[in-house]
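Both complexes below contain chain A, partnered by chain B and then by chain C.
Entry: the complex of A and B
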């Protein structure tokens, strides 16, 4: 097997390959547990997928009315919901992969996604 | 002849595949059943196989929720309607094992886990779809139930027949049914050949196997602040249950009344804000979490021993955390400032 003749083409391909490898490594293997995305479910079905670095406010319709979910600076929370206890709102900001807040009466939930979450599930 | 570039490409392609591989092996579904969020994760199973299995588990949960609901019409609702008559009647088949198992666990807890106090729970307003707002019941109302000492040993089973001579016995499996249901869900997954899974019914979880190359990672909620207090790794087969005063409560004239009622005095248990129990079965962990919460910060250890749990972590209302030595070795605090910690005697 001859490995000698390194052409310029080989060098370019190798460079591209190494950059690709580094990018993939960064994307899939390096994680501090912070999620970059969250998913909103209504009745357990996916309603929206949110980029946590795109500030926005969503009005999510559930059986009791609208739950309002805010995205800001890589975090997400319920800011209002038509439920008696307001537990979902009191839960505050979520930022760690695996964290979840739910408005049971309105059947709306939001959960942080992460490629390697710090927690697989949370006892709350 | 293969050039170096081509070989490099093959290596990168393989590496990319391996990198992407990590994205696929976990199947996750969130169910809104049993009056809570049920998080189900299966590892190493593709969606095609996992989805119908999880759908089956969801159906089971829905069935159990309806049959065992303490204040909706259903099997248990019917039992509670007929019990005060003192007559003997046949009980629905799904309820029999639940009643027997809860009798056993109630006896082991010295009566601190007592599903026969449904009338007290109703007096406090916690047997309702809407959260209570107060006022608390009067002392006379509480005494009227308490003086007759409702207990699981008052419930007599003979084959499929049930009766009680105690007119204030009312069954409420709120502190137990979820654990029992989580055990059934794990059983069903195992029967289908699933080795690695976690089922978490609103803070009542059982995990089996592992998450691939690592154990399952469980976060435990902070009882007084948003976010996570501590985390723990679980593998093999273990149940971890957390019960807290933040789940259901009402404030009346500056005082918080939580949903865990002390069967000895008829009032909400005081002294603890959350209890996390580790055990080999979910229903045991569920019943024990309630019993230890009732026992309180000074008296929980003998109850934990009698019930046969494998580990305990408690958060007192003052913020102090108590733990068994085995749990101290496993727990990892996720807060910037460590709370005061007391290590108990070994179980």
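Entry: the complex of A and C
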């Protein structure tokens, strides 16, 4: 083994290490904008990804009909649903990372995305 | 009476035992140091592994490293605890990476990696190994990934320290062995 002070191999290892570190910070330290985005799932599959600062109203087709989801001022909610209990609508506005509203009959859900969600799980 | 058979040991075995004992001593002394971050240690015991690898080859270094983790944990009392599995995974990862570097170094010529590079590679591999165990087995929460780059940065810095220490000790060992 080479025991001279700095070998070219050492320089290579250091360069690789620096690139690796930069990549890791890039991967795991992107600003998540604390609930700047939400994801809409229909029947367990991603249907749309929403920017919460772009106001809009979506008509999401589910097995029972259209669920209407509104995005406004960094929040999102169900405003109408073809389901009997309307629990998804009563869930109200969501704004915190990890918050979720689900319409089981129509199999539509919306969840705020965050790399550091405020809630790990939510029980009802 | 010939009924008791003794185990045949080689000179290599004795060297492994002696270096493992040294590594375990450092390992235990180090475990008494308080750490600002869980999972972050100076890695001084790894200096012994690096030294053995630079002087006697990878196979002996692997023995010393694995014996240290196993017996060190028995002596500290963390055997089969989460800390032990993290430590073992770290040691395995670091030994594997060192093995790859050692195995390829004969083809690299002037590009062979010295103690400094070995220290950095070993420390970062160790951290990755123990972080992987912590993340998959103990705390599978995405929030944990946020600290991974920080831990890797600390690992790289401490790898530089252990690499430089290894280089210093090697230089002294080589100068005394040529002087005498």
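The rule is short, and it goes like this: the second predicted complex is superposed on the first by the 90 of 124 C-alpha atoms of A that agree within 3 Å, B and C clash if a C-alpha of one lies under 4 Å from a C-alpha of the other, contacts with A are read in each partner's own complex, and residues count from 1 in each chain.
Methods note: a residue touches a chain if its C-beta (ideal position, glycine included) is under 8 Å from a C-beta of that chain, and two chains touch if they have at least 3 such contacts.
Being a predicted model, the structure only gives us computed values, none of them experimental.
Visitor: What is the contact status of A:123 with respect to chain B (first) and chain C (second): first, second, both, or neither?
Guide: First partner only, chain B.
Visitor: After lining up the shared chain so the two structures overlap, which partner does A:100 touch, if you call chain B first and chain C second: first, second, both or neither?
Guide: First partner only.
Visitor: By the touch definition at the top of the document, which applies to A:91: first (chain B), second (chain C), both, or neither?
Guide: first
Visitor: Check the contacts made with chain A and report whether chain B or chain C touches more of its residues.
Guide: With both complexes superposed on chain A, more residues of chain A are touched by B.
Visitor: Tell me which partner A:79 touches in the superposition: chain B (first), chain C (second), both or neither.
Guide: In the superposed model, A:79 contacts neither chain B nor chain C.
Visitor: If you stack the two complexes on chain A, which partner ends up touching A:48: first (chain B), second (chain C), both, or neither?
Guide: neither
Visitor: Does chain B (first) or chain C (second) touch A:109, or do both, or does neither?
Guide: first
Visitor: Name the contact category of A:14: first (chain B only), second (chain C only), both, or neither.
Guide: A:14 contacts both chain B and chain C.
Visitor: State which residues of chain A lie in both footprints, the one left by chain B and the one left by chain C.
Guide: Overlap of chain B and chain C footprints on chain A: residues 1-3, 5-6, 9-10, 13-14, 17, 20-21, 24-25, 27-29, 115-116, 120.
Visitor: State the interface residues of chain B toward chain A in the complex, per the touch definition above.
Guide: Where chain B meets chain A, its residues are 1-5, 8-9, 11-12, 15-16, 19-20, 22-23, 29-32, 35-37, 39, 41, 130-131, 198, 200, 202-205, 211, 216-221, 226-228, 231, 240-242, 276.
Visitor: Chain B touches which residues of chain A in the complex?
Guide: Touch list, chain A to chain B: 1-3, 5-6, 9-10, 13-14, 17-18, 20-21, 24-25, 27-29, 41, 43-44, 84-85, 90-93, 96, 98-100, 102, 104, 107, 109, 111, 115-124.
Visitor: For chain C, which residues are in contact with chain A within the complex?
Guide: 53-55, 105, 108, 110-118, 120-121, 124, 141-143, 145-146, 148-149, 152-153, 156, 159, 163, 167, 170-171, 174
Visitor: Would you mind writing out the residues of chain A in touch with chain C in their complex?
Guide: Per the stated touch rule, the residues are 1-14, 17, 20-21, 24-25, 27-29, 115-116, 120.
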